[in-house]
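Okay, so subunit A shows up in both of these, paired with subunit B first and subunit C after.
What follows is the complex of A and B.
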């Protein structure tokens, strides 16, 4: 790699494509970027107020209903004019000493219902402002949100992390502070010493097994608005709307950038256009890096603008310039691996696609898949540990004023960094004349890419080891998709899915080698390839021990997914533990040999062998989880 | 300047080039001819380092063809002219000159000089808007931005009108006269015959003949004698009021003369037709690919 050549190609990539955009388009893009940067934090901090002023309430200024109406932006307070009410200009009419009267329309009924809620919220706020908090709220309930798997584990009977025992501090009666709302510090709860010494909800922290409710914006309030108290019916689940908006703001632009990037890569392949770059004195790596760099920097720039905008307008971490810069930098650092994965997968997609039509299908699929991977777990930020698999979760936490632990960063981003690296390596492997300009189907191109990494039998070990990031990401995704199901259902499914993913990862490189007549089809060769693939996978698999860096294995499915690999959480004799440590090597070698044998005999027999290997692997997983884990 | 030894290229189970061996001297113009699918383009791409040989070796300007350093000394012109439509000829050529580490001032002078020689106007027009002939000239200019010692041109005049074709062939001849080594393939064998010092004929991935055009003609070509008689003789066909008998040796001519005399007539005219490279090519292409040819 020559940095100067890479930079020249990067400059050329920008200037070449800049010619495709006229000034009007550039201006439009600029306006859109500014709008995203400005509107996102506004929406995140204030929410989308589509219902502001939709109801007109006729209420006198001296009426006790006047203040609730004025304080709720849903309403517009007007003079209580009976004529206006009859003509439909007023939705609810409030007259002295009479209950509010709704207009004879559905809107009138809706307005009345909304008014009732607003009055109740107003009363709660008023009560919360009382100096004698105990008098205002004689019964005080502290609520903390706990990990969902804790309750699942409890139902399974094999966990001591039960959620309903009072001594773990989940529920404390009379504990004083109510929830984690920002208005709940007025009562000290001196009368609440009867149930649970850690029942003081205000002192809960994620480290004691519970998870804090989202703390970004007003969504952190337990009771919807900014009240600290209320009735049980007012309790809303910790749905982090703000987190979603923030996460969306980071991921959305990436989907547009990869379209341009993938088009540019495919453009090199149309009419052999990229041939002249290949014959110039630059390496394939220089070309790919140079073409990728502008898009990567563009993504980072957009993320930076977004992060600075959000950090500046909703300074949860502090409004000092240094704090804003620190928050924005941490956010961007978390977004970088997502950007790289978007680019790497788009690059490979563009190298495999045969036409722009096919590329559209590929990029849309990638967009949906990657956005789901990054976005869905982030919804559960501070709610469920499954959120840890997405770097966007880190972004949401950082922008919400939280810190960025190195271990969390490593867990969330390392699989993405590695996956992106392997994808780029695969793509560069086929970025050559012989593969770029041929019209083969995507599966065959994929096999070509794998074959480009094979030169001798031991290459299959390298390929199997390199597949680990994909396996890890796929298994995390499987965990994310299945975690909401009951363990009795999700566990067996997950074990089979994991077995399938791993068997595919170990065998597809061997299949590619046989498909390209790279290996001898003798039984000796099959045995050697199977062992080498199993060995490579075994060694690479140990890297998943990074899962121990954070608490994902505390999740039941996390243990199922990674515990059999790492021996995590298994309490048994050292001899058995050593056996468990090396048993996977035997398993992987045996099943990889099975699939290698099938691959050497053609496609159909490969699929049969893959199914058999999956069954054997799943049986092993089930055995380990059932009898040991 | 170019040494090719036992070059072989396989794509899956298909052998595109098999056992090619030839060499090209400094300043030589070397032609590669053959029918479609003969392996010409694959051979040229292996010389340019674009395609990795399955076995054998190709050395260009003292470097292995796969060595990226070699590319500094090479100018390659593919069969198509795949340009970037949104760039102008100048920006396009400047970019490639930059990649070849040509100093900016030198690049500017060289680009304009080359475009002058190629008689290319509209240098600031989008490449997407230029004619095919202009695009070809830009592609040729691109192959010269690094002032290479070796030029590998694949069908340089493919798909162009006769005027532009002649212009480009003349330009190629000028390049050779200026001391550059040129290897090129062409479908129009007249052009090959007119400017090449030596050629190889490829068929089914193999070199089936090689040497100077005269050498090939002597080895593989057959001179035809068209003997016109006033009377019909055995093997003659009526043509323009006379009878024409085609023979391939002077013995055949004498035999025809005797036949005509026996029939009461005489030989009216004898025309000699030397086979063109195209004739030889067609004949060789029809033959078995087992014919060995070593230039």
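What follows is the complex of A and C.
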């Protein structure tokens, strides 16, 4: 890698793109950007109402239900008419002095449920106008979150009888402001007087002070309300909605950048345009790094602007310049691996795609997958440990005023860094004449990319070890997809899926080697390759034992995915532990040899061997899980 | 017309030979599958009672006013109240996992009930339990209001009975269906950009121009191929959804709307590609343009997603039908504008 050459190529990339922009294009881009900037706040202020007017309620104007129906945009109020109700044009019919009647359809029932919620909200609104506040809101609630079954968590925080310290377990919803303060976050100054009252075993906030501003229906702060004191309708589940929307602001621009980047890479491949750079005395790595650098810097710049903007506007972590800078820096640090993964995968996509159209499909697929990988787990921030697999969770936490622990950072970003690195390596492997300028099919190109990493049998071990991040991401994706199902269903499915993923990862490199006639097809060679691949995978997996130490220990599926292979966290005799430590090595070596044998005998045999190896592997996993669990 | 069909057929054949259309369908399957996962997650946030499927929430109740709260909880099927003498006992059982939540109720001096609710932390059930706490306490609030009725000037409206619908009902029509209708449209537009930019970029336009095709023929053919794909996919989704038991009203009108959007968006894509030629710029401006167009439709009296939802659920208003007409007219006008652009400028040198 020569920095000056890389930088020169990066400069070319920038000046080439800038040179293509004429004044009219720039004007068009400017107009579009201004429109986006103007429209976004307008739309945001109007709110995106998807369910406006989907139910029709037949209600007379003098009915008490008329006002709640009219005030909720979900409903359209129409004249009550028995015939229209029969024909299904009215979903809920309200007759005088009778409870509302739903139409005999799913829609009628759904409308009724919706109406119930609306009436409840309406009642709260009218009660707010009452002069006798205590009678209108006779229940005052505060919610605390306390860990259950926390016998092994020796954190002294909530192990004492909680009635004495009402604040230590109290979580501002969505992690609001609770990160740093105890007592300071109860909003209306009830922190001080609590201590005196705690003797009677309840945290009774002085009622008037705390409830004066119930702000019914709307969250009191941007990052979810604080729960000390309020009416029952103020209770909201811990769902960091705004933070998620803000986190989305980080990911959305990346989708645009990778489009341009992938175009630029594919452009090199059209009409042999990249030939000139390839024959110049620059290494492939330099070319790719130079072409990527401007886009990466652009992404980081956009992310920085976004982060500073958000941290400045919503100073949950403090509004001093230094604190804003810290929040912004932490958010950017969490977003960088996502940016790299976006770039790396679109680079590989552009190297493999045969036409612009194909590239569009590939980039859209990547956008959808990566965005959901980053985004969906983050929805469960503060709810479920599965959230830890996404770096966006870190962003949500940081924006909410929380800190950034190095172990959390490592856990959610390391797989992404590794994956991005390996993808770039594979892409660079096919950055050569015979793959760039020819119309090879994608599976062949993929095998080429793998083969370019192989030079001798030992490389198989390297390839298997390098596949770990992909295996990791694929398994996490499987966990994310399956965790909503009951454990009895998801566990066996997951074990088979994991076995399959791992077998593919171990064998595909060997298959690429055989397909390119790089290895001898003798039995001895097959055995050696199988053993090396198993060994590489085993060592790589041991490295991910770090996952056991930092994350997902509470998640049953996480244990199934990673516990069986690492052998950590299992309390048993040393002999058995040693067995558990080396049994995976034997397993990986055996199954890899099976698939290697298949691979040496052609494609169909390879698939058969793959299926067999998956079965063996799954059976082993099942045994370990049921034995240990 | 024949010429255009030939060009369209050629475009579709190239898509078929690359098998990339499979990717497009995979994306949509993924979105549909993942949104069911999302639905479970999101719906459980709004309405967890219905996800719980007979899951009974056990509340540990303690405090001096617990006698008032217990009957309210016991009145509901999904709730059970376990009374404790002291808050400490309740917390011990809570930590041990015997009860799902603890409600400590005490009367303050002014007669209000002060409730300290304890919910499990960092647990998949947290959301579920928290919403159940909210519902239970809302019921408690109603009974307390009824008790204090004499002090109130207005009487709360009695709540309608609970509906028995699936919580996914609204979600299916207002989120999933519009998503599945508009996703193919974006893809089509984006691919239309590629289909034209590619000819410029590879220099193959020269070859097309020596054929007896006019510029409008070529552009028409390409737009026809891409414009057809979106309504076809949308139609397939509608068929699949009804097959799956989701009855979709007004399918024809929904498809008309999707066709309108498809024509409009593909015209936008074609225009961007014709005007800027370079794929990078054209794609960027096209996607930003889509962002602008779709966010500005939310300023309309009825957004397109809402129109689709209303049509599908069977509550279209006159406005909805009018909007479908407007979309079609605007789309055709856009298409006519692209044709005029090509007619006037040709396809370039």
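Some notes on this structure:
Here is the rule we go by: the second predicted complex is superposed on the first by the 411 of 629 C-alpha atoms of A that agree within 3 Å, B and C clash if a C-alpha of one lies under 4 Å from a C-alpha of the other, contacts with A are read in each partner's own complex, and residues count from 1 in each chain.
Rule of thumb we're sticking to: a residue touches a chain if its C-beta (ideal position, glycine included) is under 8 Å from a C-beta of that chain, and two chains touch if they have at least 3 such contacts.
Keep in mind it's a predicted model, so treat the numbers as computed, not measured.
When both complexes are overlaid on chain A, the residue A:271 reaches subunit B and subunit C alike.
Number of subunit A residues touched is higher for C, counting subunit B against subunit C.
In the superposed model, A:116 makes contact with subunit C only, not with subunit B. By the touch criterion defined above, A:141 lies against subunit C but remains apart from subunit B after alignment on the C-alpha atoms of chain A.
Of the two partner chains placed by the overlay, neither subunit B nor subunit C lies in contact with A:347. When the shared chain is aligned, subunit B and subunit C each come close enough to touch A:17.
When the two complexes are overlaid on their common chain A, residue A:373 makes contact with neither subunit B nor subunit C. Once the two complexes are laid over each other on the shared chain, residue contacts for A:537 go to neither subunit B nor subunit C.
Of the two partner chains placed by superposition, A:296 touches none, neither subunit B nor subunit C.
Common to the subunit B and subunit C contact sets on subunit A are residues 17, 20, 271. Across the complex, subunit A is touched by residues 11-13, 45, 48-52, 68-69, 71-72, 74, 76, 78, 80, 82-84, 86-87, 91, 95-96, 98-101, 126, 142 of subunit B. Those residues of subunit C lying in contact with subunit A across their complex are 14-15, 18, 20-21, 23-24, 26-27, 30-31, 33-34, 37-38, 40-42, 45, 47-48, 63, 86-88, 91, 94-97, 104, 106, 108, 110-124, 126-127, 130-131, 133-134, 137-138, 140-141, 144-145, 147-148, 151-154, 156-166, 169-170, 173-175, 178, 186-187, 190-191, 193-195, 197-198, 201-203, 276, 278-281, 283-285, 287-289, 291-292, 295-296, 298-299, 302-303, 305-306, 309-310, 313-315, 317. Those residues of subunit A that touch subunit B in the complex are listed here as 5, 8-9, 12, 15-17, 19-20, 271-283, 432-434, 516-517. Those residues of subunit A lying in contact with subunit C across their complex are 17, 20-21, 25, 28-29, 32-33, 35-36, 39-40, 42-43, 46, 48-56, 64-65, 68, 76, 88, 91-92, 99-100, 102, 106-116, 119-120, 122-123, 126-127, 129-132, 134-150, 161-163, 166, 169, 171, 200-205, 207, 231-233, 235-239, 255-256, 259-260, 263-264, 267, 270-271, 354-362, 364-365, 368-369, 372, 376, 379-380, 382-385, 480-481, 484, 554.
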